[in-house]
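What follows is a pair of complexes built around subunit A, which joins subunit B in one and subunit C in the other.
Right, the complex of A and B next:
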């Protein structure tokens, strides 16, 4: 019997979280803008190239407004950003909003795909280990440690070597949009998703296993068993739901880690995602583009954290009430 | 029930796998008459706006959508393009071009001499890396619809070469004040950018333009250019057969590419070593003595450096001019053999028997091992290197004269005049201390008054090269070998004066 709570509590909770998110966004924007501009002392030269004369470098700096005070430039940027205009990339000239809109689906394809794969496999493995214990448990634990210990880029390289270059089952590099070919899209994201997932599977599986072992010791489990409920029903319907909270938090964290980890995977597979372009933009000091990525990433973090909190509440009413 | 669930799951898995494999099957080159060319590129596009455009590794993007006033043949000789004829006056400062009368931009605007004149001036006043190429352009005017007259302040033997490159790109007037010009090209070139299929910064797709005036020079209906900024991704694409033609990022990748069935063309465009910039001893008095600069040259074990820094993909040299240049002299490649004793003697003669301390910049762009090797070789003759860590202000400080010498990888220009203009004249960007040497200036003046291949100019170029090597303005270690690879279905003709082949020289093998 799930106790009912007032909708107003839920709305207050969401609003409070959103307000925290907005405060975080403002703080991150100011910090990132200042760091990017203070750290980059020769942006104009990096944009025009090493062979450019001092006069051309100065011309570029003036064109970008780099000769104006930092505060004035930030005010201009934030005013435009509040209207949804994140400016144009200094490097490519593309609208930052358009560039992110093109690239974000690629990175989200990888990250969401990896979260789904990690969650499915980690829950299955964690539940199996907790439910059976013995050698099954030991095998799962060893595999989890190995999965977590191997760096993602190494896994990516091995996957490319075996499945793309030797067996030619998948393309080695590149990305196909789902609207162009669903099969092509699955083929291009399959290996990157696996590469991103492996590290997360281990840590989430360990979390699921630990929480389930704790939950299995509770009195209600003995009661359910005494009532004659089948083992798999006790484990998967009751214990797993009660043990899912910590795993969900870990998975939420993993989503953010994988979003960042996509940088390496996107480079290895030459995928046109956020990560690949973020590296290039940071190297040349493309302030508008990097700021755009920072803002989008921060918004995603806020959304994911909020979603995890709401799911926790759905799984465990006690969390909602508290 | 349990079995039916399992069966459903297996079916779903099978469907996903089938979809995935269908996707795989759609990868790769089409085998129709005018296939898609899948071109690898290793440098992102700076801009599609002609007045901001770069060249070299970026030339394929620009040649797809733009024409240039002139073309360069594979050996660098000037060929007609939008200009069918051209001539200099006796002072070699006024060039008259006769332009084609059948060319339109992709927005329907006619290409005229007035448009060409404005494009040249915009490049001169723009923010392209190479805008300085045209600083000598005094005026560009249309004397009639198809006659363009460009007046130079002084003779510039490279001017026509520049018109084959980014400085000669012709964009539609509609681009000039368009904020989207950087990403939305309007040219008169053989292809149109497919903006829908393009992901700027990653993949650019170009579709054939049906009404192009020289369509037969471009056999492909579609060109797909993919940027491989990461060496691993590039080699994965090569080994996975996903590119038809691509430059490699280093010679060390060549063995893998050849094992994957690609053919390679090797060229040398850059040199690596030291710029001994402080020839008057302003920052470090020791560098003001030619014997010290010669000693540094003798201290370099060039074979060892080529092996250690480029896995053997380098040709030891002591000159900075490219082999295609009239200045190049093969005998100068070993003017300074590796000789520690000789180097020590020269230092002693110059008054530095115990060596001296030399501050040089160090950055994250270069592997730490490289600095260690250089420091070790200079240390062997008594020069203590003090590496000063720098950030992204490296080039600004370097060109502003902060260090007497610095290790660098630089381009070796196709012609003698380009190399001289780039780094040897008092106003040259890469002459940080603005060294003014009467011999260099006089020989440069002779070189600028004629064609690169003319007898008098070639002799002056050779003399200038020998003088620069003798004066040890640089301590080059080796010319870097770069490879361009193609698969069985593609053939190329390599461009003597460009890092990658020109687009019209990439064709299907059959």
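Right, the complex of A and C next:
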């Protein structure tokens, strides 16, 4: 059931959040551009090779625009960026937008898959822990802490070792596109998704548990039970629903964390996501490509935050839209 | 600024409290295990590099992929380097890297938090905004970009990571300083002549201690993980052995020698888990201070030494042939763990006949509400009926299977709570909350439940039932919410309604309307009612019988008219006096001079 939120309020609210997002994007662009270009002095030499003459290095630098003032170059970059052009990779000459566009779906499918898996399991575990308490609660808590503490890529390595190399249940490396074979796609992303999810399950389950225990203390829980509703129905319908807001915020944060995690986990499974190319671009100092990845990530963050806010509004009929 | 907060921190850290904390942590098995592990790892990091048998960087062609042997206890890697030596030396670099992150994070976050919290204003707004910005991007993406600028330096990258996580310290410190500053003007310490810095230092320390320890150990764990990931990605310093570079080397040879992957994996996983468990066990211990109510009391409940006196009865001959509810010698107590049981209701007996309104009256804390909840079987956690019996139509409710009890609620016993708005679930519409029991308890279909709910809303005097039906609780007034709750209580046509202070939270004008409504519904359906209240005015023209409750026991009971005509117990008289004085009925009567 969709709460009736006054439309004009909703629009103001969305606009305000968008404005905050744009301010964040601008700040990140300027900071990243300045820092990356200040550090790019050696890039021309790295690109033409250590044996190249000073003249060739200077020509390459001029070609990349490194001899022109920083402010001018930023203005150029941002005007192009606004039209959806993030420049060309210094290393390969490929359009940055194209390069990211072909790789982003892989990274996003891992992240979104992990969000779905971790949300489902975390809600189940958190609700179980809060509803039952006692030893169930203790076990869920300790497992959550341990699951959250071990780095995701390490879990990925263990999964590769056990399920791909020893048991051969899943392919160790490689990627199948979903349009080629859905089953093959699922098999290639299954282990990475599990590796990414484990940490998030822990922290989201802890949040679900905590806010459900808080919600259980509310008066309406007693009243609902006094109406003859069974305990489990009150817990899993009413209490869980009221605990959903904080859990959603945590899940939103975990989305960003898992996106970062995907960059590393991709390497373990040799998946053609943005991780591989980002690492390569980082090593040579390919400024336009690194800039592109930073900006695309920041845009993703803004979108996720906005989505979380909108979902909060939908979840909580009382949400103060200010 | 005579005393810097740092010196205070050091002084307190040396104090008794910290020692007892360390002692407490050693008692928790996970805390002790992680502390011992971390101490061992730290020792290895410090003395290990001096003791290792081989240089960790020296390649040896004849030892390439050497299996474990007396010379190479853990074997050798793809360049013939001794795995054990590398593992030990890597411990130093990995821990040092994480230490740099922690130092930078604390060095940036704590001063910024202190200034922002103390000065407020533009610095606070700006730094809060920057903190949000730093936390918004995934750290690994920022570090990839930073690595493009600063090159493969472990120390610089870990320092930058420290800046990225510094908002965690910043947020905790600045909010603690703000809270302390807000209280500063009423703080007796100020009057006593202590300087601002000293007060803030001491207060902040007590507020910040637990989250700061948790955060520090968390940042250590994340620092080790991040450092390992960067090295694993091949972005680290190739001249330094770290757990991450060993992992990377093991991964490249995963088919050739999987054990190369094993040792650094174990080191990273154990260290991260140990730091995290250490932090959480400290937090748990600090939070447990003064909250020892978790454990179950060892001893069973025993009746308090002083037994309540028998109540003054106005009608000793009054006996119901077919009472709806018979409560006899009911005692309710809360298990406080180590400190034993707290008895809140002791030896309460009451009868309610069909169609009778029985008022249970007394000041707050007298045990009225506890009595009501125990009849419903809905005492809060820790509370239980420890003695006596509760019979509903002659059937014992005490010790009844929870499922059977749940079937009685709603269908046979209705409940009207005290605080209208907090007793409606804010996430569901009024309609959903009214129809759910009708469908679950009575098995009505959606349409029938909806019609019945709308009828009920109309019956309880709601002007626009459809509109209220579609509303969320926050959109309706307290009086309307109480009508909705009354509608909910009578929805399944129960034989008994338990109304717990149904008008206390309402405006005086609304109170009268709600009481009229309760009376009408009660006489229409001939339902029995237990009316809990602290207000004699409420019961005077509503109740058939009254029981006066004080300190968990009933002191006087009888028909309303008789009780009003000739109150016998001093406490009942004092309640009447309070009523006549037009003062709220609160507390026992005490002589005027004592009260002044």
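In this text, the second predicted complex is superposed on the first by the 308 of 322 C-alpha atoms of A that agree within 3 Å, B and C clash if a C-alpha of one lies under 4 Å from a C-alpha of the other, contacts with A are read in each partner's own complex, and residues count from 1 in each chain.
The working rule: contacts are C-beta pairs under 8 Å (C-beta built on N, C-alpha and C of every residue); 3 or more make two chains touch, one makes a residue touch a chain.
It should be emphasised that the depicted structure is a prediction, and the values quoted were computed from it without experimental measurement.
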Which superposed partner A:213 touches (first subunit B, second subunit C, both, neither): neither
First, second, both or neither for A:174, with subunit B first and subunit C second: first
Which of subunit B and subunit C A:53 touches, first, second, both or neither: first
Touching partner for A:187 - first (subunit B), second (subunit C), both, neither: first
Which of subunit B and subunit C A:285 touches, first, second, both or neither: both
Which of subunit B and subunit C A:108 touches, first, second, both or neither: neither
First, second, both or neither for A:78, with subunit B first and subunit C second: neither
Partner chain in contact with A:306 - subunit B first, subunit C second, else both or neither: neither
Which superposed partner A:88 touches (first subunit B, second subunit C, both, neither): first
Shared subunit A contacts, counted only where both subunit B and subunit C touch the same residue: 39-40, 157, 160, 165, 267-268, 285
Touch list for subunit C against partner subunit A, complex: 30, 133, 136-142, 144-150, 221, 225, 228-229, 232-235, 247, 251, 254-255, 258, 261, 265, 268-269, 272-273, 275-277, 280, 373, 376, 378, 402-403, 406-411, 413-415, 417, 419, 422-429, 432-433, 436-437, 440-441, 472, 474, 485, 488, 491-492
Of subunit A, residues touching subunit B in the complex: 39-43, 45-57, 59-60, 63, 88, 91-94, 99, 102-103, 157, 160, 164-165, 168-174, 176, 181-188, 190, 267-270, 272, 276-277, 280, 285
In the complex, subunit A residues that touch subunit C: 1, 3, 24, 27-28, 32, 35-36, 38-40, 142, 145-146, 148-151, 153-154, 157-158, 160-161, 165, 218-220, 222-231, 233, 238, 241-242, 256-257, 259-261, 263-264, 267-268, 278-279, 281-283, 285-287, 290, 293-294, 297-298, 301, 305, 315-318
Residues of subunit B that touch subunit A when the two form their complex: 16, 18-24, 26-27, 44-49, 54, 127-132, 179-183, 199-203, 226-230, 232-234, 236-237, 239-240, 242, 391-396, 399-400, 411, 422, 429-430
